[in-house]
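In the two assemblies presented below, subunit A is common to both, partnered first by subunit B and then by subunit C.
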Partner chain A sequence: MARRSAIVATGQTDFVARRLDVSIAEMIREAVDRCLAQRDLDGSRVDAVVIGNMELFEGLHMPEQLMVAALGGGGRPVYKLNTGGTVGASVAVMCDHLVRSGLHDVVLGIGYEKQSEGDSQGNITTVGDPIWERSVMAGAIGNFAVMASTYVNESGVTAEQAAKVAVKARRNACLNPHAHLKKPNITVEEVLSSRMLAAPVRLLDMCPTSDGAAAALFAAEDLAPRLAPRPAWVAATATAHDQQFMGDSPRRLADMRSLQAATRTVYRAVGISDPRRDLDVAEIYEPATYAELAMYENCGFCERGKGGTLIDEGVTELGGELPVNPSGGVLSTNAVGATALVRVIEAALQVMGEAGEHQVPGARTALATGYGGNAWTEALILTSERP
Partner chain B sequence: MDHRVAVIGVGLSAHARRRRDVDYAELALEAIDAALADAGIGLPDVEHAVTASMDFLDGRTIASMSVAEVVGSYCKPESRVVGDGIGALLYAWARMRTGAYRLGLVVAHAKESQGRPHIISRAAFDPFTEQLLDPDEEVVAGFAAQRFAIASGRSAADAAAQVVRARAAGRRHPALEDLPEVTVDDVLSSPLLAAPLRELDRAPLTDGACALVVAVDDVVRSLGADPVWIAGSAVDTDAYWLDRDLARVDALERARDRAVALAGWDDPRADVVEVGAAYGYQVLQFAPVLGVDPDSPACNPSGGRLAGTPAVVAGLDAVAECVQQLRGRAGSRQVPGARRALAHGWHGLGAQTHAVAALEAAA
Partner chain C sequence: MSGVGASADEPLRLPLTVRLPYDYAVGRYGSRFMTALRDEGKFYGTRDPVSGAVLVPPRPINGMTGEHLDEWVEVGPAGTVTGCTIVETPFVDPMTGRQRPIPYGFAFIRLDGADTNIYHFLEASRHEDIRVGMRVEAVFKPRAERVGSLADVICFRTLEP
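Let's look at the complex of A and B:
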């Protein structure tokens, strides 16, 4: 049995639409400094760095080379990943593998995006096949509109139920000092009357574009308890992809087969048979309200077709049976390269008991997911007990 | 506790200046089909994949999506490293040492012909200061070549001789497109690229893909495969090019030391060394650090990048050559009796990040 790894420290910038006061490197350094400061560590403890973002979004090629000083300086291994929206979770999974493999003892994972400096949606369109798909692609919104239409048609989920997800997210965000979109007085009516982007997805059904960075420190099992009072142990990780072409699988966004495959793999690895009962909290990558409801079903939180019921009954509210995205989620904060790492960090904060005002009392087992380019998924289970 | 991991299959697509006949997936598929056939397995047997590619080269975001189908990642794990292909091999090795996966695929692809190198590499510079000067990677290579020449005393003719040598070696490699024969004088009289570098000093822009099948020890045995063991591998990154002496290659030294230490080798010298060198001077600069005489038959039997292998793919091509050498299957390029090999790759301005893999023949 390979050794375990645990998250011992985390740091996030305060996410906003535009960080005009800092460069990308300064923004990353802010997250790294906050991460190390959480345990009063200095950068000399870090053996390797794993960083993720989408280079084309800011138009910077090999950004980790230019900004190596902000990552903690040269003279150590720096690994760069780019897997789309999943990348922050891919970073976490790589950190875990590097520690478990024995190659490094302490690994710093970083994710960032400064979307205000580029054109994310224009670049997302390049995921489509240049001949068959690009002419009908329009960034992430069109993609989720297709998913939402299929899902609404099959599940009978209503616009009101989707709007409740938007309300939950933006209210939870008010309890999270790092969240971007905070709307304490948001109502279902406000969501339903917000501007239509691509039917049935309205403005407040969709995540924002944010600037920000996040960092998490992973340590080997012998070091972790010395570095953190209550480390967040990585109990299981999994990755799964879906078909590459939308036309090959018109229902893929509603079915989310990669989410089903990845979550079932991590559940099996840690012995979770009933996720609604066995998980204490989930931080899932929900770029749109309808996606969160479909994800309830595909993560196994409820039976097929019951995603709307779950939000109606308040099961996933902070204080409900299985709080989902107490941080406010992607719907409140979305700096793409950081977003999935923020899911992992928020799950870690919950099982560390350090989530502050949005803490789920007594959380011991948490699910974090990343969702990215062409419907693929990374899933992690974090626990307060060493697995 | 840790599993040993071996390369049990290698495959290269046909490398050429321009592969107009294939898209990224078809290019990668050529390499993957060859690697799977070499390993004697099928795509459904593959449990996970790690790919290497660069969005700026491919002109799209999440460039690994172009090859997701051909690496067989439907409902399976694929992750993707940006940079030289040895980084992808290293990650696959880390994932498999723990026993998380038993059989995997490592794939790198690049079509340098489809982009404009000047515009692509300019995007790697600081946007507020340097990009105004309209620089590119070749300019930094010119600075590095100048610094290296002063520090080492090696001449432009010495570097040009490496170009001549690499092109001759490449002619013996069936996957590489033959490059025109050149002389030292041809190189030295070719148009100026970035002083002191000349156009023929530079590796030609190339399209190609490379795939490796990797397996843990018990799978190697049960398949009866022809393995080459990954004994050690390491990546290391230096300071940004403006913040260091370009005559030095500290990151390469650290990556070498770490890879060799992981391998448990008392002596870092190997029987075959594939040096990542996109310019003639880089062979002279990097080879001694990797413990090999640049002019010996043990250095770059494949010809390396100067013989026509693309960035990103180059590191995996280097590993593939080492594997075939250690299996005794390198044909007319064979270095007799090779038991240990080092494969090297780099990326970043002025070779900022280096990756090394230490490989051992089966006992």
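Let's look at the complex of A and C:
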């Protein structure tokens, strides 16, 4: 039996549209400093670093160079990942595996993006195969809208139900000091009258593009309780991939095969039979309102076709039976390479009892997911109790 | 370079435009598909010998089953829309570097005989003119203008009155 790892410290920059005052390296350093300062640690405790982002967004192909600036010195093992939008969660899973394997005792995971420095919409088309997809692709929004239309057609979810997700996210964001898009007075009507980008997706149905970085420190089971008063234990991780081309998954959002596979794997690993009952909180990777509703179904929070009902009944509100994205989620903050790591960090803060104003009282078991690239999923269960 | 003791009261930027050309091999399966598209105006997929699924784009391996695929099957040129939108937000086409004129129709299309979808454009600019389940057919460029690319198909247009 491999040893366990736990998240003992986390740090996030305050996400905004444009960080004009810092370079990429300085921005990463800010997140790392905040992470280490949370437990009054210094960088010498770190045995290895895992970093991930969307390299084409900034046009910098070797982000691992930045480790020297971010940590104050080289000479340590550095691992670089790029799994598309999923990458921050892949960073977390790899940090866990490096500790569990016994290879390293303390591993720092970093995710970042400075989207203001490049053309994210144009760059994201490079996820499409140049021969088969790119010449006939729209940007992220057009691609997403096509997938959303399939889900809407099958499930019958309404624009009003999607708008409620937008309202929940931007109100929750007001309770999160790091969140980007905060709208305390947002209404369903405001979402429904925001500019149509690509039907059914309106401006306020989509995530923003943000600048920011996030860092999380993973430690082995013997060290973790000494480094943090209440570590967030990594109880289970799972990774699942789908097919080669965008159109291969027959119904995309309506049937997210990799999300179903990864969440069922981690549920089984920790003995969760009814996620709505057994999870205290979830931080999921919802790039748009319709995706959140589809993810309720694919994560097993409700029956197929009932995603809209879940938001209508307030189940996923902060204060509901299963709060989803009390941080404000991707809909409020999206520096892509950091985004999935922020899901893991926010889940960790919840089970550590350190989420501040958006704390779910008594949260002990949390789900975090990353979903991106070509339908790639990472899923993690974090617990306050040592598994 | 600033001198010692200088401070940065105003954050500086470095604008940079990079042009990076690529030259991709279309591959054995891709070249066969694109040649038929160019010369015959026909689409082909490859069939999984076990599940019977016909995959478009054609490929040598079914990622979900691991089966080797070498049976070629004609599909289309008509098909069914399985997802669709009218894109109304500006977007720079990475293939041309220019902004695509908006609004334009964009869809997942399941070609008749295929079990997977391909992205393509719809001949439509109003949301009320498109729907999931709509029957469509491929609109080809004239033979002389076709080069062996998915862009040899201009768009898909409705088969419904």
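Just so we're on the same page, the second predicted complex is superposed on the first by the 382 of 387 C-alpha atoms of A that agree within 3 Å, B and C clash if a C-alpha of one lies under 4 Å from a C-alpha of the other, contacts with A are read in each partner's own complex, and residues count from 1 in each chain.
Heads up, the rule we're going with is that a residue touches a chain if its C-beta (ideal position, glycine included) is under 8 Å from a C-beta of that chain, and two chains touch if they have at least 3 such contacts.
Source: prediction; values computed, not measured.
Asks: Which partner does A:Q244 reach: the first (subunit B), the second (subunit C), both, or neither?
Replies: In the superposed model, A:Q244 contacts both subunit B and subunit C.
Asks: Check the residue A:A2 against both partner chains and state whether it touches subunit B (first), subunit C (second), both, or neither.
Replies: After superposition on chain A, A:A2 lies in contact with subunit B alone.
Asks: Looking at the overlay, what does A:W132 touch: subunit B (first), subunit C (second), both, or neither?
Replies: So A:W132 only meets subunit C here.
Asks: Go through the superposed model and pick first if A:D21 touches only subunit B, second if only subunit C, both, or neither.
Replies: second
Asks: Would you sort A:G59 into first (subunit B), second (subunit C), both or neither based on which partner it touches?
Replies: A:G59: touches subunit B and subunit C.
Asks: Once the structures are superposed on A, label A:L81 by its partner contacts, choosing first (subunit B), second (subunit C), both or neither.
Replies: In the superposition, A:L81 contacts subunit B only.
Asks: First (subunit B), second (subunit C), both or neither: which does A:G142 touch?
Replies: second
Asks: Pick one for A:Q38: touches subunit B only (first), subunit C only (second), both, or neither.
Replies: Neither: A:Q38 stays clear of subunit B and subunit C.
Asks: According to the stated criteria, A:T309 is in contact with first (subunit B), second (subunit C), both, or neither; which is it?
Replies: Neither partner.
Asks: Find the residues of subunit A that appear in the contact set with subunit B and again in the contact set with subunit C.
Replies: Subunit A residues touching both partners: 59, 123, 126, 130, 243-244.
Asks: Quick one: in the complex, what on subunit A touches subunit B?
Replies: Listed in rising order, the residues of subunit A that touch subunit B are 1-3, 23, 54-57, 59-62, 64-66, 68-69, 73-84, 90, 93-94, 97-98, 100-103, 123-124, 126-127, 130, 238-244, 257-258, 261, 372-374, 376.
Asks: Can you list the subunit B residues touching subunit A in their complex?
Replies: Residues 1-2, 48, 54-56, 59-65, 68-69, 73-83, 87, 91, 93-95, 97-100, 120-121, 123-128, 234-240, 243-244, 250-251, 254, 262, 347-349, 352-353.
Asks: Could you please specify the touching residues of subunit A with respect to subunit C in the complex?
Replies: Interface residues on subunit A, with respect to subunit C: 20-21, 59, 119, 121-123, 125-126, 128, 130-139, 141-143, 145-150, 153, 195-201, 243-248, 250-252.
Asks: Show which residues of subunit C lie in contact with subunit A when the two form their complex.
Replies: 11, 13, 16, 18, 22, 24, 26-27, 30, 55-57, 59, 63-64, 82-89, 91-92, 94-95, 100, 106-108, 115-121, 127, 131-133, 149-151
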